[in-house]
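Structures are listed in the sections that come next.
One chain, subunit A, links the two complexes that follow: it is found with subunit B in the first and with subunit C in the second.
Right, the complex of A and B next:
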């Protein structure tokens, strides 16, 4: 090949390489940026006085004097709204029956929108569900609810050829000529005084339990559950995996059985995780009866089986990569095989073994399918260490799915979903990062 | 030292070998008995006979050099003495190899105990990725010495014997891989000496080292001569003649000639030996 062609080939390969890296970087940004920006919104956001009320009564947090002065100030502005409502209710009574009926439905819609915005109105029954006890706790949500109050959503079905289109009609127009018409501009102009938005840092999102299935509060039970499951899985899988790897590399005689075991191990590493989930249910819960039903221990065992092949392979590779000369040196000093493994081979293989271990830990933390049938519940409080043998637990991976797809008000709690995603991604990244640091530190120690 | 130099009480056989040596090297007092002896000893890799029916006596406290062209079975023979060949599954032996009168490949031989008595230093320096102290203390710890003070004593003594103490005494806690190649090799000698072996097997210990480091290792062998039975494989004829008392010449697995170094290099009996040492083939 002449030099010109060679150069062109080299250059074009470089270009293709750089191009693919750029594409990957862009794709990563597209995935990661919204996770981070939206996820951070779970902790840093513009919170309203309703948020502070909720924190005070649900978590006993916050300064009561400060809060009561805030509430008093917001109530002053709200009082006018309440006054308009009572005024209009009186006006309703004086109306002709058919007119009254027409206004009544519209009026009840207005009330509902106001309840969503500000919380229970005077004269309302004390709500049973916590989610109805407070108005909007987050300012951006309050603005959405304000829009719901000001405009009625309608669907344009006039053209059967195309899909129906949503359009908005001002509610104020519907109340033209009544006293209530003044309510809409008033609420619009004074919403900030009624809700007192201010920049809020809510670390409790990480450390609090959830209130009323994630309407309020934090995700600590999920974070804790994720740790319990992942660490529990490691407690089983890591020692077992290292022992198996030592057996395969040091003790097993090459032969049919050995190669069968090895290829079984490789195959197992590629089995879809849902299969492990089903297996965990069938084997650990139904057959072995490690617990009566879902439990942390059953989930941890299932995850352990799932990550075991990866750990074995990583440990095997690390052990095989230990220079033969170490083994020779140790044996020539009169060391037994077992001693050589324990004092020379395993320490030298440790960086590789640990890296495999931590990466598996990250996988155990992130997997959803294996715990669906064995350990995960959608709502629950943080469990104690003593309960891992019998209790199921919420966990980030499963609850992200659950909150985004099965929650009755999934759209209301997007910030919680994103917050959980960010928490999970951070945990997995942190674990991988610590694997890198650990590896670098041990390698440095070994290399001197 | 005095006792060693006045070699009057030594056996006659020993006296004849020491005759060839300059006076300052005549320090072998109780040497001369066969420490290791091979009888019709063969080593096979599968079907391939790498060492062929070798019969020889390796004398106690002597330095024995093994020379011969590459691939002639020098390493194989050396490694069969401390049973490092056990690591190669296809490897097996016939004939007899006796160490202290005991069959090395006997049914009841404990190869771990054997290796404790027969230490080995390899071609490429192979310290553990541990501190200098832990490298030396590795063997003693294996054999049950755990007392910190006693370990320190052993480490110091071994490093001094291996003539490397002065260079490393202020950094015993540093990783051994940070030493130079020559230092690493002397460290490996010290590590072997710390186990207090009777025999020291050196497989081309200087082939990976520069001339200065080589000279240091050769000096070290001189120092150790008379205290240990030493076998050294070397490619370097000058080295063999400088450091050894007797020399074995291997060719294609056969032991062609085994004689005192002075005799083998000045007056070889076998024409093949002569060809080799005069450089007609290598």
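Right, the complex of A and C next:
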């Protein structure tokens, strides 16, 4: 091979390596950026008067005078819509029977679309579910619903070779020649006056509990549940892990028993997370009966087992990184081995141990599979500290899955899901970032 | 005599206060150490417990239904009457996404590890490492959510064009490289410089055109592909590969760092370029560690639950044809997670125990591969330290 080709090969080899790191960074961005941009939308968004109505009646928040004047002004514009509806209903009665039946189905579709947009119409029964008590609380959703009102969605199946295509037909055409045809341009032009959109900052998303399975309200029960589980797991795993690490680094003598224990540690680190969940169900709940069924304590114990190997490894590394001179100085002053460990080595290794602890805390907060069978419920309110022994809790990780895959209206509450993912990711990444910063400071300190 | 010995006794008593206190001290030390040992062996006890309790609930399934159905049939109807528990398609689905993610993650991960250990200067490495750590830190459910809500619809709506662009972007640089190397190799034997130059250019153009044609043909085929469902094995494989990457990168980087400087310097001294040094000396020396990294990374993909549960489509079928990554599949972990909620009500039935049988399968696979990778790392360390 000539030297030029070898050079090109060398360069391209470098390029492949750098390229794969760049791809990883880009992948990280691709995953994180939509989560952040959409997740922020859960707190900062353009809220409508329906949102303020909902806040006032569900959470007793907001200025009642201001709200009633807003409602009055929006009702003024809505009244015309309601008038058109009653006018058309009267017109329906005068039509020929077959024509009447045709228009009736079309009209009921329009009514449903209007209910979704503006909330219950006059003459409707008081809805059972809270989600039907209010119109669209978010402006971008309201615009989607406006589109549903103006256009009928149809599927084009004419070509069997390709997938069916969706296309839209204006509803106004269907009502040509009746009094209702005026409704569509009116709603389109006056929607902002009927819903009064205004920029809203809803911090309650973090501190409120949810209303009607996350249609309205916030995610506090999930955040709290995540904290309970993660901190509970740390309470069990951290002391155990540090003590085990002290044993491995200071007392263990090389031999069969020691290598067995180490193998056990790495085996535990490699067990799939779902198997931890099964073990938690079979052992903590079905055998030990720490609680009747799922509970925070069972979940925390399961998570503790899962993060134990990580903590042990991190603590071991931190203890081994303490310079030998510290130990020798302490021993030469006449202190015992245990004294040396407790007063010299552990304090010196503490930042490193904490780094491992913080990373494990993040892992415990983010993990889903171990808590599916042991601690998580999909709907629930925030539990008190006394209930951790007996009751299950909603948790961010589980509820993200639940809302995205099992919720009956998953597509309608995307902003809640994104908000939850952002909350979880920012908790975990914040913990990890602080660990990275902590470690950088330690390595600086050790260098002197 | 007596006075002397008494004096001696007194002198030692200055240091050791009393025999009783000494035994107490010894006792305290012994109990302390055994307490520490007890805590350290707690991990081993847990591992035994996990095996025992998963196996305890898995064995009844094989007692009731035997082995052959579970491993050979792909009819998975646990809720029907009579129920069928053929897990072949599920096991196949697990293997499929694991293999798919390994195909993406292993080359990328090894390349990134080489880059981190041998190519990048320290100042840039400092920024690259946190990226990998952040990738490792993102919770699996967030990846699953991304796969389900962002990636799957994207693939479903623009599958063909996306596949084509991925093909062009990923393959064309390697094609270009192959053309250059091939035309060089074919002309090295020719001694006359002018003729060689002409032939070289001819080959470059010839192979270049050929490869462009090939790229274009495959590209148009890919462009025409319609992805019927975005929640398929490909989506899951892509996401899982990014979850396995941090493990592969960090473990293989450790193993590459363990290869000493002397080997590298020897190779440079013989006139090898950096790429040749790495491929011909560093990689073979660190290969066993890289193998261990690959095993650990694959295990991460095999044991992952949330991503596959959310984005694999969860249909228990062997794709048609068997290598079709664009169809929905179902994996062991997702089946355990998804079915336990219903099977939990009927504790003691085959439907409950079959899930533990799947768990046991996962557990055994992870245990064996962990042992293997650990052995490999220990052996490599021994060889490199020259023992």
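By our rule, the second predicted complex is superposed on the first by the 414 of 448 C-alpha atoms of A that agree within 3 Å, B and C clash if a C-alpha of one lies under 4 Å from a C-alpha of the other, contacts with A are read in each partner's own complex, and residues count from 1 in each chain.
In this text, contacts are C-beta pairs under 8 Å (C-beta built on N, C-alpha and C of every residue); 3 or more make two chains touch, one makes a residue touch a chain.
Because the structure is a prediction, the values reported are computed rather than measured.
Contacts of A:334 after superposition on the shared chain: subunit B is touched, whereas subunit C is not. Of the two partner chains, subunit B is the only one touched by A:348; subunit C is not. Look at A:281: by the touch rule set out above, it reaches subunit C but stays clear of subunit B. Of the two partner chains, subunit B is the only one that A:325 touches; subunit C does not reach it. When both complexes are overlaid on chain A, the residue A:267 reaches subunit C alone and has no touch with subunit B.
Of the two partner chains placed by superposition, only subunit C is touched by A:368; subunit B is not. The larger set of touched subunit A residues comes from C, when the choice is between subunit B and subunit C. Once the two complexes are overlaid on chain A, none of the subunit A residues touched by subunit B in the first is touched by subunit C in the second. The residues of subunit A lying in touch with subunit B in their complex are 323, 325-336, 339, 343-344, 347-348, 445-448. By the touch rule above, subunit C contacts subunit A in their complex via residues 29, 32-33, 36-37, 39-44, 46-47, 49-50, 53-54, 56-57, 107-109, 111-112, 114-116, 119-120, 128, 130-135, 137-146, 148-150, 173, 177, 180-181, 184-185, 188, 226, 228, 242, 245, 249, 273-276, 278-279, 296, 299, 302-306, 309-310, 333, 336-337, 340-341, 344, 347, 355-356, 359, 362-363, 366-367, 369-371, 374. If you check the complex, the residues on subunit A that touch subunit C are 1-2, 5-10, 12-21, 23-25, 27-28, 31-32, 34-35, 162-163, 240, 243-244, 246-248, 251-252, 260-261, 263-279, 281-283, 286-287, 305, 308-309, 312, 338, 359, 362-363, 365-369, 372-373, 397-398, 400-401, 404-405, 414, 417, 421, 424-425, 428-429, 432, 436. Residue ranges of subunit B in contact with subunit A, taken from their complex: 82, 84, 87, 112-113, 115-117, 119-120, 122, 124, 126-130, 138-139, 142-143, 174-178, 188, 191-192, 195.
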